[in-house]
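Written below as structure tokens is the structure these notes are about.
As written, the chains take the letters A, B, C and D, and residue 1 is the first residue of each chain.
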């Protein structure tokens, strides 16, 4: 077995590295830089039931070692994604993970169900950092009961493994992880962005049109590592780790904390080649720290 | 009136800038660099009922645009602080704020009450990011009911204004703020550190002896701004803002978000003169962005 | 096709207040860049790259020139780069200006730091035997740059907001006085572009837009501009930065 | 007294594998630094300063020399600093070595990057007419540095972990063979200091300690070391880095 190989529910990965949702579109743009077959998997941008335009601009701001984004789930809708984007990605030997979002339980169900129709999506990543507009904006992502409910409904609507993507904006990440595990999640994806804001001094108002945005990049890595380390000790389903990864050493840190694979978001913007470069650096990095396979590293950093 | 002057419960500040708790000891070390009379106020390191040694070392780690610390409330105990430290600070015309911590309601009460004895402490900053060891480690800082209870007890034990220092590690910061306001808090201090972790690759274990630590510095500024902006719209008590401030522009950003004054922590380590330098730069910075006083800026960034 | 390239700083000069001209050497970029395209520059210590237009190209020397104004921390650091430094860039990025072979007189309308891409375009159009008229607006005299360069391309009008140089006012105040032209190209701050495209609504014209960017390659949806009121949109980094004025909804 | 000072890099040389010698110019630091004190260096792009010992002082040239090993990102960046660069430092920091006027023969025991402060001390002791014996331990031959410099101070024993240079083993393997001495001074990795202070428990001696630091001035309590089992402690940055071996609990 290849030292980088990772087996997860529904995903046979040649290596543990995949671009994170929303930071790689549907792969087309980066396919002009390198062969997408290099990647462990591809996580597509969020799909919703209908096309969405998203928030007004400005949608991004730079912060110290990070960035804020408030794209607002812009996407062409699940039908169009299946027709135009999944069909494009079908030409690659790289598993595709569909990130799904919605404003109601019904929308989540609908999107999840729609992906049953295509045979080139290997798993779903359930983005629960959205407010449930039908039920008065209660966050799916911060209430364990709501999170379990949406997980359960999506599991029933879909025949694909479901990775629930946890929001870090919670008092108790372990409670969230346990709730979705009990509801049938096949895996976890963590972490999504921390809610933040920047105020633009010359105009004296929040820089992002949406006021708040999601903080990502190296700035949040310590929070991601802490949450994965904590959750790993209380759930048994696999974790796709993310939050500020820019190097192969960072990948090792996530694996040591208990992640089984990793996703890379913001770093793609600085360096479009970051994913293949990290993949190339991994074997040597594993060796330098005394490991012979990715598999071997997972959770080794946990002191008990 | 001086353009930098700020009036807060119990605090008549010549300027809005004070060193943050735990990042300035009890002022002695920095008094060798500059005259402490320059400062708006001084927030002392946390005081507990008895002397505490704190955590094992390593206690700090560097992160991207930030740092982790797990000092563990090391301090000589409230009696010794009053005798040796407050007496030293009495020689300055700068209000002193005592940061108080504890592992039980009784300890908080005791520490708060002890500061009644000295006439050179102008206010208390109530650090609720500690677990209540007596009640099984439940966090005072993440449960609004517990936070309100400790606030109420401290208010009763003390004749000083109480600023409650909120932890950002919560799902709903506004609920926390409202709970302590209802319980009688005179002001808020926000934010404390985000819980984070770093894993040391060569040793394959968490770098900090305490495993987790508090993330501070520019990395967390967007989270602090967001929380202050949010809370400002739901409480009427003043806010001392902090989290990643390194420049006078940052101070303006906090004021625009709704802070009435600010505290500076991690930046002191990079530049021991950061507080006086920011104070000196403030008048010109206010002017550059069209303001004539600190007072005038507070909350001006809030879009309603 | 866009690539990730290293460019060497050959020269850097402050040519107007807070405004720098920087010559960068890279053969791939200089051989392939078209007017209106930009470089997405990695500036040390910054999470996000900075988009800066290509202001001119010298294929003999394998160089491109950029002109930038200090706007914040990134451009400030860029101004500190010394000769010999290496800058990483994605480029040439975006689509560039559509040339209209039928047009014979061209109006260029630039505002402030929107002027640079028009210079590259103007040079190309002169090579193509077009007649060029330029209107360039700046805040004040101190910010005026490239007046001589544009004068060499053709008739050039300078306006400043405060009248400290050229005529006083906005570029739109001059447009009315321009003898007939076939196509216009404009780049500058959004309010200027709005005014220009309103004033010239019945003309054929192209505008180059700015927006805060994430990826710069079309993957993150940071830089969209609506095309209608029904959710239609274009990405400035990939579909733009140049659009036909009727294509987008300013 | 410690100050915040700017030091100018006058020279930087790789003197052993991953080990750099850097000469820094600053008159206040060079005039006031005592053996055992350190500089708390601000390295561009880093939140926390890096503590590095002062390895020697040249008061005529207003310079101090530091020796450092690439250990992580900070020291890596430091090695990239060019001649003429300016480095901000707090210093001279800490208390330095206590000199014992009564002692006539002194044993210096250094391990790896703990060697530098002992050189500054050794020079001072030689000036004070003391007899110096040095034992210096390194990982391998490639890491050995300052052998000649120490030989000029007196008898010098080199040990390497793998025996690739000098004798094979640890510094403690040599201590037994040293003829009598009055006081020892030691600096190096914690396990070495533990072994040395155990071996020499009945001797008079001082050790210099390392710990991850926040402020470097005594304000943050990051760098404490216990003095007993009852909560007593010292701060390495302010009360140390040098302690009498009986003062702290390793």
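Just so we're on the same page, contacts are C-beta pairs under 8 Å (C-beta built on N, C-alpha and C of every residue); 3 or more make two chains touch, one makes a residue touch a chain.
Small disclaimer: the values here were computed from a predicted structure and weren't measured.
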> Which chain pair shows the largest tally of C-beta contacts?
Replying inline: A-B
>> From the centre of subunit A, which other chain's Cα mean sits the farthest off?
In response: D
> How many angstrom between the C-alpha centroids of subunit B and subunit A?
Replying inline: 34
> Between subunit B and subunit C, what is the gap in Å from one C-alpha centre to the other?
Replying inline: 47
> What is the distance in Å between the mean C-alpha positions of subunit B and subunit D?
Replying inline: 36
>> Going by the contact rule already set, what residues in subunit D reach two or more other chains?
In response: none
> What residues in subunit A touch two or more of the other chains?
Replying inline: 63, 65-66, 217-218
> Within the complex, which stretch of subunit A touches subunit C?
Replying inline: 22-25, 28-30, 32-33, 45, 51-54, 57-63, 65-67, 69, 71, 74, 217-218, 266, 268-273
> Quick one: in the complex, what on subunit D touches subunit B?
Replying inline: 1-2, 4, 42, 46-49, 74, 90, 211-226, 231, 233, 238
>> Touching residues of subunit B toward subunit A in the complex: what are they?
In response: 63-66, 68, 139, 142-143, 169-172, 194-199, 201-202, 204-206, 211-213, 215, 217-223, 225-226, 229, 244, 249, 252-253, 256-257, 289, 300-301, 303
